[in-house]
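Right after this note come the structures.
Two complexes, one shared chain (chain A), two partners (chain B, chain C).
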Partner chain A sequence: MSRAALLVLADGRFPAGGHAHSGGAEAAVKAGRITGAASLEDFCRGRLHTAGLVAASLAAAAALGVDAVALDGAADARTPSPALRTAGRKLGRQLMRAARATWPSAELDDLARRFPKGAHQPVVLGVAARAAGLGAVEAAYCAAYESVSGPASATVRLLSLDPFDATAVLARLAPEMDRVADRAVEAGRRVVDDGVDELPAGSGPLLEIGAEVHAAWAVRLFAS
Partner chain B sequence: MHLDHSHDGPSAVSADARRPDGSRRALRIGLGGPVGSGKTATVAALCRALRDELSLAVVTNDIYTREDAEFLLREAVLPPERITAVETGACPHTAIRDDISANLEAVEDLEDEVGPLDLILVESGGDNLTATFSKGLVDAQIFVIDVAGGDDIPRKGGPGVTTADLLVVNKTDLAPYVGSDLSRMAADAKAQRAELPVVFQSLRGEPGVRGVAEWVRAQLSAWTA
Partner chain C sequence: MTTATGGVRALAWIVARDDGRGGTSLPVLDGGGPLALRRTRGSGAEARVVLVGAMSGPLGGDHFTVEADVEAGARLHVGSAAATIALPGQNKGDARYEVRLSVADGGELRWLPEQLISARGSDLHVTTRVDVGASGRLVLREEQVLGRVGEEPGRLSSRIRVSVAGRLVLDQELACGPGAPGGWDGPAGLGGCRAVGQLVVVRPEFADAPVAARVLGDGAAVMPLAGPAALVSAVAADALRLRGLLDEALESLGSV
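Entry: the complex of A and B
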C-alpha cells in the first residue's frame, strides 16, 4: 500500500466535482445557522458525526469489498432528502470518472457499468480507495475529512470568512475525525460479516430539510 | 439497479475521440471570456446560423443562476432538450479547466439523449482574462472580448487572449462611442497571437456572426476528415 495515494485521493483539488457543492453550508448560511468560525465548527461537528459517520462507514465497507449494489441501497435508505440522493449520485459519477482515469481497475469499470448515472459517492470512494491500493481505514478517513472540508471551503466563499479561521476549524475537528474513522471501520467490518443493516444510520434533520429548500432556490452559488 | 442499455462498455473517462460504441463523438468548442463580452449572444447567433446544417447542442456554465441557459431557451435558438446548464460552485474557471467532470457529464448526457450530434458548444461563465478550457473538455476554444471592455485588453494578453484558437473582438459597432481604437486592438492581438486568427464582429447588423460560423465550419471539417 502506498500511503501517499491517500493524499492524492483526499486532496481537495482531486478533480471529482466537489468544488461545486457546499455540503449544506449554503443553506445553513442563508438560514443564519452559520455566521462565522464558531458556528461553522458547530455545523461541521454535527455533519461529521451524522452524515460523515454514515459516509465513512459506507466507504470503509466498500473498501473491504462489500457488494456495491447493497451498499448503494443502504445509502439511499439513509438519505431521506431526494435532493441529497441526487447530489450524492452525481458526485459518485464524477468521482468514478476521475478514479477510473487515475487508478484504472476492473472493479471501477464494473461499478461504472452497473451504475452509469452514478452510485452514491461514499460507495464509489471505497471502491476507488481499493483501486488506489488503499484500505478501509484510509477510505473512512477520506470520507470523514470530506464531510467537513467541503462546508469549510464553501463557507470561505459564502461569508468571505478568513481562510485561516476555516482551516483552524478543520484542525480542531481532527481528533473527532479520528474517532469517526475508527467507528466507521468497525462498522464496515461488521457489514462484511452481518450485512448492511450493521451500518450506522445517523442523520442531521436540518441537513436534509436544508437540502430540499436549497434545491428549490432560483439563485445559488453551489449545486448542493 | 441501473442497467446500461446504450453502451457496450462503461462510459468514457476523458476526451476520447470515440464514444464507447465506437462512433465518433461530437466536436466540442468552448467559448470563454469576461462577463458581458457577448458569449451568450455569440452562442445564440451561432445556433441560428448553424442549426439547419448541423446537429447542435449547448452547455452553459452560469455562476449563480440559470440565466444564460434561460436566455437561450427564451430566444428559442434550439429545442430545450439540447440546452443543459452546469452549476459551478462560485468558480467558473474551475469547472472548465481544473475539474471538468460536471461538464464532461453534461456533454456525454446530451450525446446519449439527443444525439447523434455534430457539435457541442460549451459556454463558460463570465470570468477573467486567465480562464481557459481544459483540452480534456473541448477540442478548440474561442475567447470573446469586447471593445467596450477597453482597447488595451489585447495588449494585456493573458492565456485567453494569447492562446485561444480564435479570438473574437465583439461589439465593434460601439467602438466610436467608447473611444476604442480597432486598428490598435488588431495590431496588439497580432503581436500576442502571431498566426492565430482574430475575428472582429458586431451582432447588431450584417455580417453578424458569419466570420465565427465560418471558423466553426472549418474546425468541424478538420474534425470529421
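Entry: the complex of A and C
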C-alpha cells in the first residue's frame, strides 16, 4: 500500500468535481446560520458526526469489498433529501471518471457498468480507494475529511472568510475526525459480517431541509 | 407489565383484522400500566385506539415496547391521550422505547401519537421499525420536544427504519441533548430549535406518481424517498409550531 496515494485521493485538487458543492454551507450562510468561523465550526462538527460518519462508514465498507448495490441502497435510505441523493450520485459519477483514469481497475469498471447514472459518492470513494491500493481506514479518513473540508472552503468564498480561519476550523476538528474514522471502520467491519443495517444513520435535520430550500433557488453559487 | 430492579418493563400489542363486514376488529388489544390501551369510536372501516399513559415515564431503566400489526385489508388509527415525557429515574441507566409496526398488503395504519418530551436529566433511546407490504398504506408522525418550557433537554436518541415490500426506504437516527455527538444543536442540526419532527407517508400510488419535493418555509420540507414513500421533515421553535407545519404538509399530500 502506498500511503501517498491517500494524499492524491484526498487532495482538494483531485479532479472529482467536489469544488462545485458547498456541503450545505451555501444554504446555511443564506439563512444566517453560518456567519463566521465559530458557526462554521459548529456546522462542520454537526455534519461530521451525521452525514460525515455515514459517508465514512459507507466508504470503509466499500473499501472492504462489500457489495456496492447493497451499500448504494443503504445510502439512499439514509438520504431523504432528493436534492442530496442527486448530488451524491452526480459526485459519484465525477469521482468515477477521475478514479478510472487515475487507478484503472476491473472493480471500478464493473461499478461504472452497474451504475450508469452514478453510484453514491462514498461508495465510489471506497472502491476507488481499493483501486488505489488503500484500505478501509484511508477511505474513511478521506470521506470524513471531505465532509468538513467542502463546507469550509465554500464558506471562504461565500462569506469572504479568512482562509486561515477556515483552515484553523479544520485543524480543530482533526481529533473528532479521528474518532469518526475509527467508528466508521468499525461499522464497515460489522457490515462485512452482519449486513448494511449495521451502518450508522445519523442525520442533521437542517442539512436535509436546507438542501431542499437550496435546490428551489433560481440562482446559486454552488450545486448543493 | 413487570417491575424489575432495573426499571419497568411494559408491553402493548395491537392486532387489527378485516372483520369481513367492511370494518376492522381488534383480536388483540393488550396493554397495561404505562401502556394502557383504549378502543374508541372509529370512523368507517377504521378502528381507533388511544394509548393512555397510566403512569409517568419512561424513566431511566424502563423498557417499553409497543407493537401493532395491521393485517391485510384492515385499517387502524392509533393516537395517544397525552404527550409522553421522558424523565430521569431512580434506576441507573437509560430508558428504551421500542415501536414495532407492520402493515400487510391492503392494510392501512395511521400512527399519530402526541409529542415525546425529553425532560432534563432523562436519557431515552427510541427505536421505530415499520414494515409495510407492497400495497399497504402508512401515515406515521413522530415529534420530539427538547425540554419542557424553559428547561434544558435530556439525552434523546431516536432511530427510525421503514421498509416497503422488504426494501428499506428510510433509515435515520437523530441524537440530541447532553452527551450527543457535537454540533447537534448547531447550523447543521437543529439550529437552536426545540421541536423536531417528521411524517412518513407510504402509499402504493407513489411508485408511479411520487410526491414533488417542496419546502414549507425555512424549517420544513416534503421529500420523496427512494421508494413509494415520502418524508416530511420539520424543525420549529416549539411543539405548537411544529404541529402546524406537519399538519399543513399532511393536508397538502391529500387525504389517505
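Basically, the second predicted complex is superposed on the first by the 224 of 224 C-alpha atoms of A that agree within 3 Å, B and C clash if a C-alpha of one lies under 4 Å from a C-alpha of the other, contacts with A are read in each partner's own complex, and residues count from 1 in each chain.
By definition in this document, a residue touches a chain if its C-beta (ideal position, glycine included) is under 8 Å from a C-beta of that chain, and two chains touch if they have at least 3 such contacts.
Bear in mind the structure is a predicted one, so any value in this text is a computation, not a measurement.
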Partner chain in contact with A:188 - chain B first, chain C second, else both or neither: neither
Contacts of A:218 with chain B and chain C, given as first, second, both or neither: first
First (chain B), second (chain C), both or neither touched by A:101: first
Touching partner for A:116 - first (chain B), second (chain C), both, neither: first
Contacts of A:15 with chain B and chain C, given as first, second, both or neither: first
First (chain B), second (chain C), both or neither touched by A:24: second
Per-residue touch tally on chain A - higher for chain B or for chain C: C
First (chain B), second (chain C), both or neither touched by A:126: neither
On chain A, positions contacted by chain B and by chain C: none
Chain A residues touching chain C - in the complex, by the definition given at the top: 24, 28, 31, 33-34, 39, 42-51, 53, 73-74, 76-78, 80-83, 85, 176, 197, 199-209, 212-213, 215-216
Chain A-touching residues of chain C, taken from the complex the two chains share: 159, 161, 167-175, 181-184, 186-191, 196, 213-215, 218-221, 223-226, 231, 233-235
Chain A residues within the chain B interface of the complex: 13, 15-22, 69, 90, 93-94, 97-98, 100-101, 109-110, 112-117, 154, 157, 218-223
Residue numbers on chain B that touch chain A, as the complex places them: 1-2, 4, 7, 9-11, 13-14, 63-66, 87-91, 94-95, 98-102, 104-105
